Every structure is written in structure tokens, then in C-alpha cells.
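Following: one structure in C-alpha cells, then a few remarks.
Order of writing sets the chain letters: A, B, C and D. Residues in each chain are counted from 1.
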Amino acid sequence: MNFFFEVLIGGLLSGVMYALVAIGFVLIYKASGVFNFAQGAMVYFAALTCVGVMDKLGVSLWIALPITVAVMIVLGLAIERVVLRPLVNQPEITLFMATIGLAFFIEGLAQLMFGAQVRKLELPIEDVPSQYLMDNYNILVSQFDIMAAAVCGLLVTTLALLFSKTRVGRALRAVADDHQAALAVGIPLQRIWAVLWAVAGIVALVAGLLWGARNGVQFALTFVALKALPVLILGGFTSMPGAIVGGLVIGASEKLAEVYIGPLVGGGIEGWFPYVLALLFLLVRPEGLFGEKIIRRI
Amino acid sequence: MLYREAGQFKTSYQADGQIFPILQDRIALLAMLAVAVVAVPLLASPYVLSAILIPFLIFSLAALGLNILTGYAGQLSLGTAAFMAVGAFASYNFILRIPGLPVLLAFVLGGLSAALVGIAFGLPSLRIRGFYLAAATLATQFFVVWCLTKIPYLTNYSTSGVITAQPIVILGYAFDTPDRKYLLVLAVVAVMALLAKNMIRSNVGRSWMAVRDMDVAAEVIGFRLMRTKLLAFAVSSFYCGVAGALYAYAYLGTVEPEAYNLDLSFRILFMIIIGGVGSVLGSFLGAAFIVLLPVLLNVVAHSLALPTSVASNLELMVFGALIIFFLIVEPHGLARLWQIGKEKLRLWPFPH
Amino acid sequence: MKRLASIIACITLAASGAAIAQPADQYIALPSYRVGPYAAGGSGFYGGIIDYFNLVNLSGGVNGVKISWEECETEYNPSRGVECYERLKTKNGGATLVEPLSTGVAYGILDRLAVDKIPMTMIGYGRSDAANGKVFPYVFPLITSYWNQAAAMIKYLGDKEGGMAKLKGKKIVHLYHDSAFGKEPLPVLEALAKQHGFELIKIPVTPPGSEQQSQWLQIRQARPDHVILWGWGSMNAVAIKTAQRNGFPREKILGVWWAGSEEDTVPTGDAAKGYSAMTFNTPGNYPVLDEIRKKLYDAGKGNMSDPARIGSVYHMRGVSAAILWVEAIRTAQEKFGKGKRITGEQMRWGLENLNVDEARQKAIGAFGMLPVVKTSCDDHEGSGAVKVQQWDGKKWNAITPNWIVGDKALTRKLLEESSAAYAAEKKITPACAK
Amino acid sequence: MTEDAQMQMNEPEAHFGAVSTDGRRPTGPVILDLKNISLSFGGVRALTDISFDVRQHEIRAIIGPNGAGKSSMLNVINGVYRPQQGQIAYRGEVRKNMDCHAAAKSGIARTFQNIALFKGMTVLDNIMTGRNLKMKSNFLMQALYWGPARREEIAHRIKAEEIIDFLEIQAIRKTPVGRLPYGLQKRVELGRALAAEPEILLLDEPMAGMNVEEKQDMCRFILDVNDQFGTTIVLIEHDMGVVMDISDRVVVLDYGKKIGDGTPDEVRCNQDVINAYLGVACA
């Protein structure tokens, strides 16, 4: 039974890491209807910039961090100005393609600036089993994962406060509901988008730091976006709580499936299981966990 | 040559229903085909044939397949490479296990196998749409590659898990040199492009576009959604399957399942978006863009004598920037750009 | 379509324009990758090759014949790799050797080699049965193959336990990249498990392997005596980190050589301390590396941006590859004419009659850096010997003083069977080339 | 020029008032009979216990304020919605589990309130889609574009061109409908419905948002369809002048309930209808 709980908890905590990436997608999709293919590239770019700044300037994490935040904000603003603004009012698929071009550009830029080699990123907390839980409950859980979950919780709370309490947040929700109506009541759409991309950049930085500390800062960080996709299908592209719950469900179920079903069919089912799960779920509820019910009128 | 349609009157609906209603277009196409069939194999170097034109044609075919599904029937898919893999591995097994099976028939059977898989994984499209469907088709991608890695029978128990394409021999004639392979691929692609164009100008094509543009209205008019969507999945997968078989047989030779990874699916998707969603010509232009541009950039970067790692990264950045640039200039893809150019030419020098 | 035609014309021009150059140099095609997920390894490996070439050219080339090369970015993508091969092969009077360092690319050009008469080396990757020169005359999996590595791993683990007999009843986990690469050693491992009576537990990791929590929980529950980590790319660092996260001792993990570079351990911080992996280079410093440092990097002519990477695993692997090639050129020149540029076919002969013994290694300044390599028509591999190295938190150290060779009789048998099946499928009559 | 077009040319410029029902075919027996239809979505009742019938060849109007359930009524008739209660008899047969495909097959065509054309296709292609149920060749034949498939395509093209002539949209046949002005789109949508050669044509606000000339044209087309092809027409319209002029009988809905039914004159003087919708008493 302990083993079951270890798998479950490990899965849930992995799910938090997936949710972290998924939130970046949700932010941008909700506000601008863009499926941001470059989110993975941004995660890599953020982490590499942070490590690169530490390396090149020889400064500590705490100095590199604000510099990177500034870089991500500039990047977000630049993306809005150079890529999105000229493409305003274009179909979704065009914007999606533009973010693909963006992904190539960012990947090239990151490696051009800081080189292709793999680097380590050490956060102040070590990735070892928590002794406390081990001693008291005989359950093995990484203390790093617990901290990551806490950071994720903090981030989500901050974002929720930002969106509910500030003017920008209210404008943002208006934009998410209806672009045209928001424009009509005088909300500056472009500024909101710029803010959103900057915020998404910061979310990418948080994800990049945690994933980078976990797996090393390397090109493969761009692949973590793949882990976020089933989460998005399950939770809905427009729902922040959906991203979190979806992450938890996907994380836990894929681990349980791999451990308990995997050995029966030769293993390695983690690659497709979350997608199939999300797919089956969609067949029952096409709008996802928290997506709004789509009523099609004719 | 003057590009004019004045004086070309259509006196029958048959004439008006032609694929290229303008005489000059027909002449240009025939000339191009003649060049492609006669001049190119004679003049082009083996490098151009085997490293540029063959992959270009194969990717065009795959892009055409995806365009049928995404561009015409409106169902976004990220599982293209999986259908290509099914086509390749099925063809391999058919040839291996049925002695004396003609290669072309094996490609058709490979395509049909892909079509069956396409129908199975197209079923969710009846309930799910848009990006949700796209992400769901990723399930196809991962599941198919997983199956190919897991089931040794499919790779004929090869210890390294790869398949080696058998030599292509048709009626005793071996297609073993670049120019022969090129002609074979060209023939297959040309015929299939023609068939696709025919489908698109007939009722089946209209049913796809109707479902794409407004599915409820399509149903009210009498199209059956399920049949239409699944047919689109089947035809699209068939095209991708044949392309996948050609990719293995006429291009790579020895392939592992990994060759048909998500990366390839994405590349094909890029092709149709850059080329033009819902355009046969766009499939070709997009394939040209995605196949040729990196090569061109690579050549240019090398001639600049930059350090290789800098050159490689710059290539990637320029490639990305060009995609964005083209989308800003013409969001509907290269095919639309081409069309606008043609319209201008038709009216030139009296644009008003 | 006109635009397309002009683009093609442009490329043709670029491709053929270079071919007019005087073919005085020994030209080698390097379809390399310096961007993308595997760029870190690619830049080290090709950096090592180019560094050694530059070193040889500084001292006048091979009997006066300078080596030239050209790179082309493949991004580790088979389709782009084939294009690169086709583009590079005709330049400078024709390539006489090619090395893509990518299984997918290598497979994509496998069929073209014999037609083009260009030999390809696959140093430490690709299909193991390609060592049979009767079936694969133009393919050279030099030094060692996956099967010999798997056999050597079991040999090492047996020695560590105090004799092969002690393996009986032990549990060994094979944690592998779920692809052709990870499945390749299975026939060897399964045969050895049967022979020595240990339990083999196979646990696949879905590529790219950025999440391995469930695998390591399974491993922890199975309580194995050893874990073989058959990984590639980012999967390795994640495996080591996840082992740490689950409190699994790294001392019990033995990686393949693609899981045994700085790129695999550095990003894990201290987690990799005590982790060991296979290698076909003995870590350390060698006169040849000092020369590269002094003559190239101090003069600003080094290929890598970071001089600290000299002597790193990938760099040393590149240097070793280049050493073997240069020796093959030298060998071929001795037969076909000293100081003359040799052809691809002659290069093939040189690779097939390679004998880089200890004396030769000493002369090069690389004594002990790689095992003795002696090839023949039957054996395009030439060695099959490996060492085990361990990460101390800063660098790799060899922990086996001698080269380890596994059950070569077994791997030879598998090799014969597998290559015979390939020959039958492709309708090849196995025979040694002249 | 076709005969129809010539006839229209010879007629004096039609005005609503000038069009009389005199020259039209007499209405026939009941072709569509709806009994006690109720429809709800979740808890919201859209239609409550509605009964009325439609006679062959007649023009039957459905009127009522916004949200009265008029479009829902059409959606029930052509099988998009399935009512929870009530029954529909079509040509004397009570139909069960009708879906929109079956409705289309049985000869019911319609247009939509918010134009539901296929925006990426040309006018000609849109009209050709209307003929899909009459096409028999399978997709393989179509892919080969050979023999029967080709003959079929051309035969249907001739039919489509007849409709294009009838609706006087020859000049725009190759234009993608997305680029057309609103009025023309409405006309194309009518063409698409006509292409199916329906027995009953359901028109959902065919004249909404049109100017006077466009309305005149549309009225003329509707009357001609009714007259020349003998098509039964059920239409929803807000323009009372039009409704009273061209329809044979009118059903009035309000909040999902039927509050009036009869000839235009009867309805116009029905007090419930005046209260709920018309607002002015009849003269």
C-alpha cells in the first residue's frame, strides 16, 4: 500500500510540474486565442538565460533572477510588437504558425547567446527524499518536488490575485470573454496582450528554473511542452484551475498506469497513455474539465 | 509569353470544369511536366535528384494528404508521421510476406492500412474539434510509434528494430538509381495529385469543404458528417501512407520507427500552413519552402565562413524569422501569394 | 514553380561550384549537428575531429597530403542528414569518408555507400551486425558495438561481484530508451541472463525521457543489485536525478557510453557522484591533447568555443575517431602510394586493414586513450574492448585498469545470424571486397 | 436568355402590393402536420404544445417577437432538434427519430437566419453542394473523374446553372461567397436550398437586413419558386408588409406558444396577436 501511495504522490507532484508549463499556455490562449507553440522554447530560453547570466557575469542566482525577469519581459513585449501586432485579426492557424516560427527563432537565439552545452542549475533545495516524511510515514517523497508544488501554488495564487484585484486583471478577463466588446469599451487590447506575454514569460521562467534544476538546463527543456498538452486537453485551454487539476490527474494516472498496467504490455506506455486518457475524457465531455460548455447555435 | 485569358471562351460546362481553365496555365503545366519527366533526369545531378527533388516530392505528397484532412475537411491533425509509418511498415511486411507481390500494389496496400488506422483514429473527430482534436491526434502519433517499437513481428524480428526496404523492381525493371527513383516518385505523386484535384472539384471535395466551413449547415443539406469526416481521414491517411512508404523505399532505404517521429508530423504541418491551407499547389510550395530553405540557408551560411555553431544557430533564427515574415506578408500562405501574383499578371498592365 | 526552379538552380550551382576545386586534399564529409537537442554532444565530437585534423595539417598532413573537410548541419534529422551526405559527397573531388554520428542518418545513407564507394564509420552506434565486412563492406562500426558493450557490461558486473558464477540469482535492471537503440542489446543480455542465471528486468523509458518517476519507483521496489542505464540525450541526466530523488544509490547504476559524458553528469550537480558508465576512451590527459591545447587553442585556432572541454568525453571520442581515420589513410597510402590522395575504395581498404597497436598509439601521443584496434574483413569493429569510468563529481576517472572484453563468442554468433538475415533480405552474397 | 427570365422581363416592375396571390396554384392537401410539439433545452422551454399544419403549395409564414421560438420551430421541422413531445406527420406519415439528413432526403430544404453558407467555397460550389443527395457516383469514380462521375458532374452543373440564371447571379458564380455582400449571400443561400429541388422550403428571415430593392427581388424569387416549381414554403419574417402580402396563412408564436393562426387578415385582427406583437389594431 505504501508503494501505491508513493506512486500516487510522486505522480501528483509530477503533475504539478506539468501544470506549471500548462499555465503558460492557458494564459496566452485565454487572452489572445493563440496556441503558443513557442512556450517550450520560452521555458528553455528563460532557464538558459538565467544560467548563462550567472555564468558570464559570475553573479549569484539572486542577481541573475531579476535580470532574467527583465529579459523575459522585454521578450514578451517584443513578441507582441513584432509578431502579434502585424497579425492581429488573422485566423488562429496563422497565429499558431507564427509561434512556430517564433519557437525556431528563440531556440536559435538562446543557443547563439549562451552556447549549446548542457548546464546545471542548482536551487537552494536539494532533490533528495524528504527525511521527515521518510521517518514518520515511511513514504518516500522528494523535498524538491514538495517545494516545486509550493512554488506552483504561490504562482497560481499570485496570478489569481493579479487577475481578480487589479485593473489590468479585470481588463484581461474582459478581453478573454470577448475581444470586440473589450475593444468597444475602450480596453487597449494590444497593451493587454503585451502584459500577458510578459507574464507568460515569467511563468516560463519559473517553469524553466524548476525543470532546469530537475533535469539540467538543456535543449530537451523545450520538450516539456509535450507533457503539458494532454493536461491542456483535459483541463481546457482556457481554464487555470483546469490546468492544475488536469496536471494532477494526468501526472497521477500516467504514473499509476506505467507501474500497474505497463508491465503487462511491455511498458513505455507513458508516452501515449495521457493522450488516450485525455481523448477518452473528451469523448464524454468535449469541452474539457473546466471549459465552458460550447453551445452551437445556428 | 503573354498571360491573357481574353478570347478564351468556354462553350461547355466540361471545358469550364477543367482543373486549369486558362490555356496558358495548361501549357505551363504540361511544359513543367515535360521538363520534370525529360529534362530533369537528364540534366540534374544525382545530388539534386536524390537529396532535393525526391524528398521534396515525397513531402509534397504527405503535405497533400494532410491538406486534404486539415485544409479541405478542416480537421487539424498532428499524427501525419504516424500514418506515414503505418504505410511504410505495412508495405514492408506485405512485400516480405507475400512473395511476388508487385511493389506498387504493396504501396497501395500500405496506403490502405494507413487509411484503416486513419479511420480508427478519426472517430474522435466526430465529437472533438479544433486544437483539442489536434492534441488528441498526438495520441495516434505516440501510440503507432510505440506499437512499431513493441511488436517485433512488424520489423521481422530485426534485432536492431529497423526495417530495410526491399529493392524496388517493377515488371523486372529495377528502380535503383536516383533518376529512376525520381521518375517513379514523380509518377506516383503526379497521379495522386491529379486524383486529389479531381476529388476536390467533385462532390466529395465539396462535402469536405462544407463540413469545414459550417458543419451544421452541411448536415442540413444532406451530407453525412460521420461519413464525410471519416472519408477525409481515410483518404488523407492513404496519401500519407503512400508518402511514408516512398520515404522508406525511395529515399531512406533503412528506417527505424523513430524516423517517423513527432518532429516529422510537425514539419508536414508547417508545410501546409506556410504553403497554403486548402490548396493543392500550396502543399507543393510549402514542401519546397521547408525542404529547400534550410538547405539554402546552410549553403549561404557556409559561404559566409562563419564558425559552424554560429552559422547553425543563425540558420535556425533566420528560418524562424522568415516564417513569421511570410505570414505577416500573406497570412494565407504561399499559394495565395502565387494566386495574387497571377491575378495581377492577368490584369497587367491595366490593374483597374 | 519558376521560383522553385531558380532555387534548385542556385543550390545546384552551390553544390557543383565547389566540385571544380583541385582534389589534392584528402576530403572527408562531416554531416554534423550543432543545434537541436543533441547539439552539446555534436559540438564536442566534431570539435575533436576537426581539432585533430588541424593538428595533423599543421605538421604537414599525412605524408604531405593535407586533410580537408566540410560540415553540414543535420540537426540529427535523417532527412536533412541524407541531403547533407548527398551535398557533401561530390565536393572537393569526392568524399572519401563520412561519419554522421546519428543512427537515423547512418541508416538513411547505408544503402548509398556501396554505390558511391564511400566508407562510413559508426563509432559506437548503429547496428552491431554491421561489423561483418562481408555483408557491409563500406560500414565500419569501429572500436566497439552495442552487443560487445552489453557483453562487457555483464562481464564487468560479474567481476565486481567476484566472478561470473556469483551473478546467479542476482537482479539486473535494464532501464532503456524505448527505441531501436535501447532494444538492440536485448538478445545479448537475455542470452547472458540465461547462461549466468541472473534475473533481467526490462524497464523502458519513453523518449525523450524527461519524466522517470514511475520507472525509478519500479526499480526501487524491485531492489535490483545493478541497474544498466541504456540511455541517450536528456534521458540520462533525468535518470540520475530521479535515482537520487528516490534514494537509489548511484553506485549501483552502470550507464552505456552514450550515458557517460560530462553532458550527462554535469547538469545533475552532485547527484551523479559515484555513478559509473562504459567508455571506449580512458579518461585522462595525453600528449596529443596537450598538443591540441598548445598549438591550436593557445593560437586561437581551436574548434570549440570553450577550451575547458578539451579532453572531455565527446571531444576525446572525436579525437579518437580522427586518429583512426588518419591511421587508415596512412595504411592505405602505404599500399596505394605514399603522399598521394587516396580514393574512397582505397580508404575502405585502409579501414579494413587498420592496426593501431600500442606502438602506434605511443607514436601518436595517445597511448592507452583507446584500445588496440585491428580490423579485418570479418571484423570491421577491430576491438570490442571497453573500460568503466566513474564520475567523482568533477570529472570522469577510469575504475578498471584494463580493457574489458565480454563474451565475444556469443556476440559473434548473433552477429553472423543477424547479418546473414540481412543479406538474405537484401539478396546480398556475403564476400570480402578486394 | 431563358424563358423564365424573359417572362420576368415582360412583367411590369413588381411591387409588393402589385403581387397578388391570384395567379398562383391553389393550395393542396396538408403535407406537414405538427401536433402538440414541445421542446426544451435543459430547463428552458423553447416550444410549448404547438400544433399547426402546412398545405401543399402554400406559403406559410411564422411570425412572432424575438425569442418566440420561430427558429426552433424550423429546426424541429428539419430534424436539427428533436422535440420531447408531440408528433410530426409528413405527407401523411408520422415520422420517427428524424435527423436532418433524413429530412433533407425527404425533400425539406432550408436557409438560415445567420447565413450558413460555406464561406471558403465559390457561389457555384455552394449551389452544387445543394445537389449532393442527387449524386450517385462514389468517391473513387470522382477521384478518377471518369465516365459516369464526369457525366454526372456536368449534368448537375447544368441544373446548378439553371438556378444561377433564375437567381440572376451569373456574374458572381466563381466568387468565393465570403467576399459577397450580405444581400447576395442570402440569395446564394436560397439557391443552395433550391438546388436540392425541395418539396418544402424553410426560409428563416430571408429578408432580414435587406434594403427595399433587395427585399423586392427576394419576394419575387420566393413567389416564383412557389409558383413555378410548386414548392411549399414556410418562412419566418419580421417585415409585416411582406408577410401579409405574400403568405397564404400565418402562424403567430409568442414565448414558445401559439397565439394565432389563420389567413393574414384573420391574424391581423386577432387581439392576442396585436397585444403581443403587432401593436396596432387592424383597420
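Here is the rule we go by: contacts are C-beta pairs under 8 Å (C-beta built on N, C-alpha and C of every residue); 3 or more make two chains touch, one makes a residue touch a chain.
Here the structure is a predicted model, which is why all the values come from computation and not from measurement.
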(message) Taking each chain's centre as the mean of its C-alpha atoms, which one ends up farthest from the centre of chain C?
(response) D
(request) Check A-B against B-D and say which one is joined by more contacting C-beta pairs. (result) A-B
(message) If I average the C-alpha coordinates per chain and also across every protein chain shown, which chain's average lies closest to the global one?
(response) B
(request) Measure off the straight-line distance from the CA centroid of chain C to the CA centroid of chain D, and report it in whole Å. (result) 73
(request) Could you tell me the distance, in whole angstrom, between the mean C-alpha positions of chain A and chain B? (result) 32
(request) Would you kindly tell me how far, in whole Å, the mean C-alpha position of chain D lies from that of chain A? (result) 50
(request) Could you tell me the distance, in whole angstrom, between the mean C-alpha positions of chain B and chain D? (result) 42
(message) Show the residues in chain C shared as contacts by 2 or more other chains, in ascending order.
(response) 34-35, 39, 43, 178, 206-207, 305
(message) Going by the contact rule already set, what residues in chain D reach two or more other chains?
(response) 80, 112, 116
(request) Please list all residues of chain A that touch 2 or more other chains. (result) 107-108, 111, 115-116, 266, 268-269, 271, 298
(request) Report the residues of chain C in contact with chain B in the complex, numbered from low to high. (result) 1, 4, 7-8, 10-12, 14-16, 32-35, 39, 43, 46, 70-73, 77-80, 82-83, 85-87, 89-90, 103-104, 107-108, 110-112, 127-129, 178-180, 183-184, 186-187, 206-207, 305, 414, 418, 421-422, 425-427
(message) Residue numbers of chain D touching chain B in their complex, please.
(response) 78, 80, 100-101, 103-105, 109-110, 112, 116-121, 125, 128-130, 132-133, 135, 137, 139, 142-145, 149-150, 153-154, 157-158, 161, 192, 196
(request) State the interface residues of chain B toward chain D in the complex, per the touch definition above. (result) 12-14, 16-17, 195-196, 198-199, 201-207, 209-210, 212-214, 216-224, 231, 235, 278
(message) Touching residues of chain B toward chain A in the complex: what are they?
(response) 76, 124, 127-132, 135-136, 138-139, 142-143, 146, 149-150, 216-217, 262, 266, 270, 273-274, 277, 309-310, 313-317, 319-324, 327-328, 331-332
(request) Could you pull out which chain A residues touch chain B in their complex? (result) 35, 82-83, 86-87, 90-94, 96-98, 100-109, 111-112, 115-116, 226, 229-230, 232-233, 237, 265-266, 268-269, 271-272, 275-276, 278-279, 282-283, 286, 288, 296, 298
